[in-house]
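Please find the structures below.
In the two complexes below, subunit A is the common chain; its partner is subunit B in one and subunit C in the other.
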Partner chain A sequence: MAHFEKANSLGEWFEQRIGLSTLNRVLNTEYWIPKDINFLWAMGMLLAATFGLLVISGIFLLMYYKPDSNLAFDSVNYTIMSQVGYGWLWRHIHGVGASIIFLVIYIHMFTGIYYGSYKRGRELIWLSGMALFVAFSAEAFSGYMLPWGQMSYWAGMVITNLFSGGSLEAYGLVEWIRGDYVPGDAFLTRFFMLHVLLLPLAIIGLIVFHFGALRLPHVNNQQGAEIDFKEAAELYKAGKKKESKVIPFSPVFLSKDVFVMGVYFILFFYLVFYNFEFAMDPVNFDPADGLKTPAHIYPEWYFLWSYEILRPFGKDVGLVAFGIAQLALFFLPFIDRSPNVAPAHKRGLFVVWFWVLIIDMIVLTAMGKLPPTDPTFALIGKLAAWTFLALGPILVLITSFEKKIGKGA
Partner chain B sequence: MRELKIVAVVVAFSVLTYYLVEPYAHHEMHKQVDAQGVEIKVESHGFTYDGSDDIAEAERKGDVALAQKKKAFWAEVADISKLKGDAAVGEAGFALCLGCHTDTGTNLGGVVPPSLEHAGRIYDKNYLIALLKDPAMASNVNHKYADTLLHPMGSIASMMSDKQQIADVVAYLLEKKAGEVTPEEAYDEACMRCHALRYANITQLGKTPSFKQEKDALAHKIKVLDEQDAIKAYMGKLPPDLSMIIRARGEHFMETFIENPQSQLAGTSMPRVGLNHEGYEKVKEYLTEAGDPSKKAREDLGPWVIGFFVLFALLAFLWKKHQWRELH
Partner chain C sequence: MKEERKGRRDFMGMALGACAAVGGVGALYAAKRTWDPLPSVKAAGFTTIDLSTAKPNELVIEKWRGKPIFVLKKTPQMKENPRDIVIGSDRFLVTIGLCTHLGCIPAYQKDNLLFFCACHGGKFDTSGINEPGLPPPSPLEIPPFKIQGTKLVLGEEGPEYKKMLADGIAV
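== the complex of A and B ==
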């Protein structure tokens, strides 16, 4: 038992027991952030804030949602949307939040790629980030099942069917996942469990890990410059703020985060109130009907690019390509052979590779939704899918020959 | 400034992606093309009816005889429309209608004939004329009937042999059956005989009363099920509950579909209902009350929340400026 004095104030009482001021120093006032960063470095905080909003709105929805295939649709569309005060607001926040968080995730990922923030000490940040991407995908998919509308049902059907493994015809596995021959009550209740308990827990754990992985390597900066954080921090603390290359997270960097967040929430709530159909598909306001296949079945927009890698090939090749696409980005830190941590525009061919990747993923996204019956779209989709698959080996090649950039850029 | 350039790039790519997966993809998905691959534009005609859609459909199918028949039919409707009807004379003709439109909830040939209390208010004049000439042609479901007489209201064709008689009955409806109509009445008269609306507690038999005895509730439920069976037999399937339809279908779809169901679901058994603009607006209002009652609250609250965040961003900007003043 350590020695404890009687505390004279509540603050002191906590100080003795949990070391508030140390915590505050380590996490806030002396958590050093490079000064040379732009608003793209606020995306992580936007993600954390949006996740918070999803949790809060989700808790409200959870109070009235009924995980039963006979009651789910009406509990959402009638009870929550029209009987519960502001239920519609929580639902719209949750729906729009779940969709827009992926836009921010993609911006966050591409920022990491552009500035080379995934290597030379930052591999774990990247890997935990990718794990978050996968966890969020699962979270979004499971959540999409819950209103038990037409798209819930049919997307659930199509995606679980993928587990039959093409020619392996592993229908037993598919049934095991569904708990039934077709999506039904057992299917709904297990996805409910995943969505409100297991996956959020995993996500919270992963976010903590992601933040932890950031602490030692620190966040990157616009030039990819190596910074001696100790020395820079001393400069800052000595009042030489202009000369120092770093700033404390709180309150200095935080003030910028909060400003970016403010602008983001203007857009966010505009979407919540006036433009939500991209996130809450009208087709899902038709109740699930196993006898009536919708004219077009498509996943939410953020899954379209990988869906399109699956679609243009035969079923086996498609599945393999799809599998590769899901995993490919995990390996980025290891297939980028260049020693440079620098913004893409300083890395020769890499910058071309980067923009081709972005454009290719946008093309895949668009083709993933357009009807595949149109031969032009199908062809463009196929070319884009091949391009995506080729981008991996190409990256190894161009980064192997990348010239080392001299220090002090 | 570099940061603004980055904003511009991020916004440009986001907007491009949005455009491709939303407006563009939906346009491509719902595009209708004819046999030659030429896009068919499905447009609203402002809830007036002259048969042009029906004729074009027959022509697209290459059925020349049918197209001719429809042309002649709608030309005659236009002729009758020009006649001056006499409401007083029309009252006698209207008595014929009450033989079927009894307002007693009795099913007749598949559905309960609707109340005609606001028929002159919610339906288009030309449509009413067409309906009394030939119900199957008017509602563009003639493909279902070898002979119009087989339509549950088909025998009207034999009762209304005279053009002037039709003009008189329609004049009667437009004068005497055209009082103020509530959204609920419009729905009851135009859609309820086929579509339940459970969020408004409505079945094909009307509002479900509250029963003290469970037995009575069950007995009522059986009546509803029987009615639904009859409708199923008539329509080939049970028409969907419309509770959430206002969120499930876009404005354009609803307008063009109600004007002419065939334009969106070729071959469907749902007949054209013949609503005029006011009738449609009333029905839409009722469907919104059932399926999207928070629309108004949403639109009212929106500016406040957005305004709050504009203020928030402004203050945050000032704070940021303050925090960063000594850094460069």
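== the complex of A and C ==
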């Protein structure tokens, strides 16, 4: 038994037993963030907040949703939407949140790429971030199955068929994943389990790891400058806040975050209340029917770029290209051969590469939404897919010859 | 630490590890089996369809194992193919109605005499053969069948199906 004095206040009582002030110091008041940042540095907190909204709205949806292929469709479209008081609110928050969170994820990712925040000690942040992207993709896909509409069913059919491995014809594996010859009741309930338990647990674990990986290398800044955090922190604590290059996470950085969050949530709830249709595909308001394929199957907007990489090729080549596209970004810290941690506009050809990547992904996204009938658009899609695949080797090449920037900061 | 004690601790560590590994593998196997299709799903895998009511060039869609089955009675003008199921003087195309690319249902275009898949633009002719150069890598699949008079039992393997298997027409 350790020695305990009688506590003089409730705060002290907790302090003796759980050390809250130490925790607060380590996580908030003495966790140092560089001053030289902009609003793009708030995306992480936006993601955490949006994930929180998804969890809360999900809890309320869970109260009436029925994971049964006979009941699921009506439990969403009738019970939750027209019977449950404010059921529509949770569903629209959940649907809009799932869509918007990917927009913020992409902005967060490309901010990291632009400022070189994935290398020189920050590799684990990037890798855990990419793992989060994969986990969120799986979470979005499994959630998309749950209303059991036509798009749920056929997206489930197409995506699970990818696991047959093309000419490998591993239909045993596909049937194992589905628990049936086609997506059915067993399929729906297991994806329900993944969506509401296993994947959220994985996501929460990964978020903790992602934050942890940030701790030692610290947050990057607009110039990619190396900062002596110890020295800067001492200056700040000594009251020389102006001279110091850092601010504490809480309350200073967080107050800036909260401002960006405020602006973001105005937009977010505008969408939830007045413009939620973009997140509700009309085809999914028809109940699942295994004997009728919708005229045109396409995924939600955030998967379109990788869907378009799958589409213009034959089955096997398409699968390989798709696989490469899914994994390619993981390797970014290792195929970028340049030692420079600097914003893209100071890195020569890298800035061109960056914007080509963005434009190419936008083109792929646009082409992925179109039906596969127009040959001109099919050709543009094919060129964009090849461009995406070529960008990897090109990055190795241009970063190998990149001039080293002197670190005067 | 004494040598004798170190050996004893190593042994205990390894014994614990081995037991945990056996339990872990067992748990993984149980997890795998839990994800398997249920016996009731497997047992519902047989369907009988009647071919005598089919009309030429009119696609009938039946259901087997939750999948659509295309039944197309061929007109005499349509090209013959070893994939046809022959009953008396009639020839039938009977295939699983899922595109061999990623499993969408192709639509039958009666006037063009072809199946068109809206997902990625795949095309199949009236023998279920895929048009080269498009995403589908292989013809529409023929389900296991057994001929019983003018009826077809899907899920069972009759001699005609076994011959197709041997010829590499069915998979």
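Please note the rule applied: the second predicted complex is superposed on the first by the 408 of 409 C-alpha atoms of A that agree within 3 Å, B and C clash if a C-alpha of one lies under 4 Å from a C-alpha of the other, contacts with A are read in each partner's own complex, and residues count from 1 in each chain.
Rule of thumb we're sticking to: contacts are C-beta pairs under 8 Å (C-beta built on N, C-alpha and C of every residue); 3 or more make two chains touch, one makes a residue touch a chain.
This is a predicted model, so every value here is computed, not measured.
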First, second, both or neither for A:R215, with subunit B first and subunit C second: neither
Partner chain(s) touched by A:H296 [first = subunit B, second = subunit C, both, neither]: both
Partner chain(s) touched by A:L162 [first = subunit B, second = subunit C, both, neither]: second
Which of subunit B and subunit C A:W88 touches, first, second, both or neither: first
Subunit B versus subunit C as contact partner of A:G262, first or second or both or neither: first
Which of subunit B and subunit C A:Y274 touches, first, second, both or neither: first
First, second, both or neither for A:D180, with subunit B first and subunit C second: second
Partner chain(s) touched by A:A366 [first = subunit B, second = subunit C, both, neither]: first
Touching both subunit C and subunit B, counted on subunit A across the two superposed complexes: 295-296, 371
Subunit B partner contacts - residues on subunit A that touch it in the complex: 35, 38-40, 74, 77-78, 81-82, 88-89, 92, 103, 107, 241-242, 247, 251-252, 255-256, 258-259, 261-263, 265-266, 269-270, 272-274, 277-278, 282-283, 285-287, 295-296, 301, 304, 358, 362, 365-366, 369-371, 374, 377
List of subunit B residues in touch with subunit A within their complex: 2-3, 6-7, 10, 13-14, 16-18, 20-22, 24-25, 28-29, 198-199, 240, 243-245, 247-250, 291-294, 297-299, 301-302, 305-306, 309-310, 312-317, 319-320, 322-324, 326-328
Contact set on subunit C toward subunit A in their complex: 32, 35-38, 41, 45, 61, 63, 65-68, 100-107, 118-121, 135-137, 171
Touching residues (chain side subunit A, partner subunit C) in the complex: 154, 157-158, 161-162, 166-167, 169, 175-182, 184, 186, 190, 290-297, 311, 313-316, 318, 371-373, 378
